[in-house]
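Across the two complexes that follow, chain A remains constant while its partner is chain B and subsequently chain C.
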Partner chain A sequence: MLKIELNKLNDLFAKISSSTDLILPVTVAGETNFAKYEDGAEVNLSVQTVKSAKDSFFPQAEDLMKFKTEGKKIDIIDVREKVESFVLFGVRACDYRSFEILDRVFLVDPIDTYYKAKREKGVIVTLACSRPEESCFCSAFGIDATNPLGDVTTYIADGFLYWNANTDKGNALTDAVKDLFAQADSNDEAKIDEQKKNTKEILSKLPYANVDLSGFTPDKLNELFNDAKWEELSEACLGCGSCTFVCPTCQCYDIKDFKTNDGVKRFRCWDSCMYADFTKMAHGNSRNFQLQRFRQRFMHKLVYYPSNNEGIYSCVGCGRCVKKCPISMNIAKVIKTIGGKNND
Partner chain B sequence: MQRIENLMKAKAIELLENGTVNRVLGWTAGDFYYDNTPAIFNSKEEIEKSFVYNSFCGANLSKYLVKERKNEGKILVFLKPCDTYSFNQLVKEHRVNKDNIYIVGIECQGHLSIEAIKAKGIDGVVGLEENGEEVTVKSIYGDKTVVRGEVMLEKCLSCKSKKHVAYDELIIVNEMPEADSMKRFSKVAELEAMTADERFAFWKSELSKCIRCNACRNVCPACTCTKCVFDNPESGVDAKANADKFEEKLFHIIRSFHVTGRCTDCGECSRVCPQNIPLHLINRKYIKDINEFYGEYQAGADTESKAPLTAFTTSDIEPGSNLKEGK
Partner chain C sequence: MTDFETLIPVIGVVTDIRKDTPDVKTFRVVTREGQKPFIHKPGQCAMVSIPGVGEAMFSITSSPTNKEFLEFSIKKCGCLTTWLHAMEVGQEVTVRGPYGNPFPVETEFKGKDMLFIAGGIGLAPLRSVINYIRDNRANYGKVDIVYGSRSMDDLVDFNEIKTEWMNEPDFNVHLTIDRPQPEWDGHVGFVPAFVEELGFDTNKTAVLCGPPIMIKFTLASLIKLGFDKTQVYTTLELRMKCGVGKCGRCNVGDKYVCKDGPVFRCDQLDELPNEY
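Moving on to the complex of A and B:
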């Protein structure tokens, strides 16, 4: 394990970004989101980002192709640029797990080449949590916030950032920056272990840490779908997309054509099942009420996705929706209301 | 606050039981002390189980009345002073049926922002003890006393009025601090004092955080179009994301223009923004302009008066004359 003083982190960021794009939590106009490191950027590693880290692989808006027409001839132009390798730094365990969940959507046949290109080129440096928020409940999904995986795992303790490469990609990145680091010793490891222990204790006491998901099993699909409680749960929903757009695992997108002065651009962008036109098709809309849209979001995460993916839930307990919903309705309340029997 | 909540519960139960109303629109308690959700209560049992009113009830309930118009019977709604302006505006625009609504105006000492409290390093909030300007936040890590003005929602910091402009009856126990409706324009004046480039940079930095979640639009009591132009594929401007750099400004400029003269400055847009964009400042700039160009006007202050932008008078300002004066 290697270590670097926290006040030298800018040297590390400058070094990484001198040869490759570095994406990390940056505060702009008071809010922290993943963004490209530039000289003078206000890096903030101590708060949860508003949006998740998924933009790096699945951006909110992305050009797919272009069309040019001349008479009856249509030219299809590939707009994909060669993706260069980049470093995604400061990813928490919850967001790291979300990549595995997205992989099961985008990297199965038919493979999404746009996603795959970025996923292959991204070097993920995770950061262990030491101060979980009360909205956090990653432990309910078996995630260890104190020990995230990734190409490199980092820990912040006692004025230092500790650095541990896990993969070939991680070793290659380490080789490029190791001049800035010192070797950590057993005292350092003891400090990290102590921090992990303390953090785990906090994690276990968080209000949503032990929400009982056992009620969400594929065999109960109809029962859950028809649960009368959806009505009161969805009653106040504004039908906005805050929860979906801050969510690390929401993966639905819309594809649209956009007429430009230079042909037609086809792009895709995040969509939200909470939106009224989400399932609008030629024949009409199969979900006409907010109750149906609201139910879809949670059934997808807690029933449909797991039934196609060996029981893995499509929620990582990051708690962003808990913090950001304008009316304070969220997946934790849904789980507690219609989930397992052990939710008080 | 507990006393007000008890009075509200008793009033709700009384009106339900004597048949004045058949349902109640209020707030239901969440899992924490601060995550209350707007809710409809149909019975005494439901009210006793989870009805709540504390200093985390910033949500404006008036817009839910648009949806409730479709349901039979009279509904009781609890409205804070600022919410009653939104209510009046909805009446003026024929979006709610006044005859089927019973309003109980409630005391408001200004509602609090859990984000502002957390920013003071207070986690695990389980309760509050409120004493005028002092708020003692009770948390699992102990108590901490803070100044109310430092942890209020932005919309409450710039409160325009403590007067209920529509109500059937009131529940007010403690005196409410006076509001200075002109004070709220100070930040707008600061923006006006900037150079155009500085102002553009300010808004570019703020609006570039926008994630197009539509929370501002969907919570806005003035945004009641059945189909928004931004959701309509026929409009040519429908969009779920910013297809080009800084395109989000288009959304916010169009939306704010559309509510100009109708926006009561309830501040919900800024309260719900996940990226904390000070959206209210755009609307407030237009309110300030209307005040200056057409005389003081407060949308929602009544249900009858003509709005400056939809009524022509010969004394109206000449379009463009403000630009000549360099404003």
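Moving on to the complex of A and C:
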């Protein structure tokens, strides 16, 4: 394990970004989000980003192709550019798990090559949590916030950032920056262990830490779908879609065409199952009411996705939706309300 | 950049446009080289698009036994379909596919007496299977077709039905329209009641397609006649963007219509939430 003083982190960021794009949590106008590192950027590793880290692999909007039309003729122009390698730094354990969840959507046959190209070129440097937020409940999904995976795992303790490469990609990145680091010793490891212990202690006492998911199994699909409590749960939902936009695992997308001065651009962008037009067709809508749309979002994460993915839930307990919902509804409350008696 | 990318379509040229009814046209599509854009199985769908207007899923109405072109029977009912209806021969469109699971013509349907029941534009996906069976006649038993629409003018593929299906050995075609019409000497009435009136043997495998309400009542009629849901197949339609189970909108419970459907057996549909 290697270590670097926290006050030298800017040197590390400058070094990495001199040869490749570096994406990390940056505060702009009071909001911290993953963004490209530039000289003078206000890097902030101590808070959770407002949006998740999924943008790097599944951007909020991305061009798919272009069309040139002339008379009755249409030409398709491939706009895919060669994806350069990049470093995604400061990813928490919850967001790291979300990549594995998205992989099971985009990397299964037929593979989404737009996603795959970025996924292959991204070097993920995770950061262990030391200050979980009150809305966090990743432990409910079996995620160890103090020990994230990734190409490199980092820990912040006692004025240092500790660095441990896990993969070939991680080793290659380490080789490029190791001049800036010193070797960590057993004292350092004791400090990290101490911090892990403290963090776990905090995590176990968070309000949603003990939500019980055992009631959500694919064999109860219809029973859960028909639960009468969806009505009261969804009653106040505004259908704003904020939860889906900050969610690291929400994968739904729209494909749209945009007429430019230079042909038609076809792009895809995040969409939300909370919106009325999500399923609207010329002849009708399969989810006409907000109750149905609300239920769809949670059934997908807690039942449908697990049913198709060996029981893995499509939620990582990051708690972003807990913080953002304007009516204070969230997946933790849904789990507590319809997830069976262990949640009482 | 040689990877196959499912979201990127191919160019199709519309070589023939047939006006079937006041609001249904059938479009014949080939590649620029004059070939069939791709091989499909009966009941599968494809995404058809006009850049700048939109892209949507349509069932392929031509039979897989046709090696020359794809045909789509499309009802004018929204933005993209209105545009498609305004097209002239020679217009290029984009197509990608085929998507979804086909009707089990090589397994469950083999050797069976078949009963096809369609309402309105619901004939489009069934035409693909019916013509497939005509071209592989030895592999299937008797075929009954019940087809109904609002009026005589709304019967899709009426020409083919009259001149070909009605003359096919062991094919029985039963047509009905919703309201009487002076030129019509056939049956008048809705499909579900007509099916009960005709009273089919329950040794048949039934394939049902039409508006959701027609499917619901016709299924009830079949059950009344003694059919089991395991003998009845249908094909669903929900809004789709990707066609490959990733964009997240066409699911019914844990199944995606684009990927796990559009063909479902009615007993399998029963296991899913009623949200389609």
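By definition in this document, the second predicted complex is superposed on the first by the 343 of 344 C-alpha atoms of A that agree within 3 Å, B and C clash if a C-alpha of one lies under 4 Å from a C-alpha of the other, contacts with A are read in each partner's own complex, and residues count from 1 in each chain.
Going forward, contacts are C-beta pairs under 8 Å (C-beta built on N, C-alpha and C of every residue); 3 or more make two chains touch, one makes a residue touch a chain.
The structure presented is a predicted model; accordingly, all values stated were derived computationally and were not measured.
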Partner chain(s) touched by A:271 [first = chain B, second = chain C, both, neither]: both
Which superposed partner A:30 touches (first chain B, second chain C, both, neither): first
Touched partner set for A:281, first chain B, second chain C, both or neither: second
First, second, both or neither for A:254, with chain B first and chain C second: both
Partner chain(s) touched by A:230 [first = chain B, second = chain C, both, neither]: neither
First, second, both or neither for A:133, with chain B first and chain C second: first
Touched partner set for A:294, first chain B, second chain C, both or neither: neither
Which of chain B and chain C A:328 touches, first, second, both or neither: first
Doubly contacted residues of chain A, that is, touched by chain B and again by chain C: 254, 271
For the chain C and chain A complex, residues of the former touching the latter: 1, 3-11, 51-55, 77-79, 81, 88, 90-94, 211-212, 237-239, 241-242, 244, 246-254, 271-273, 275-276
In the complex, chain A residues that touch chain B: 28-31, 33, 50-51, 60-61, 133-134, 207-208, 232, 235-236, 238-242, 244-246, 254, 256, 258, 265, 267, 269-272, 275-277, 322, 324, 326-329, 332-333, 336
Chain B to chain A touching residues, read off their complex: 30-32, 35-40, 59, 64, 123-124, 205-206, 208-209, 211-215, 217-219, 231, 233, 239-243, 271-272, 274-277
Touching residues on chain A, where the partner in the complex is chain C: 64-65, 67, 69, 72-76, 78, 80, 82, 105-106, 110-114, 116, 218, 221-222, 225-226, 251-255, 257, 259, 263-264, 266, 268, 271, 273, 278-284, 286-287, 292, 296, 299-300, 303-305, 307-308
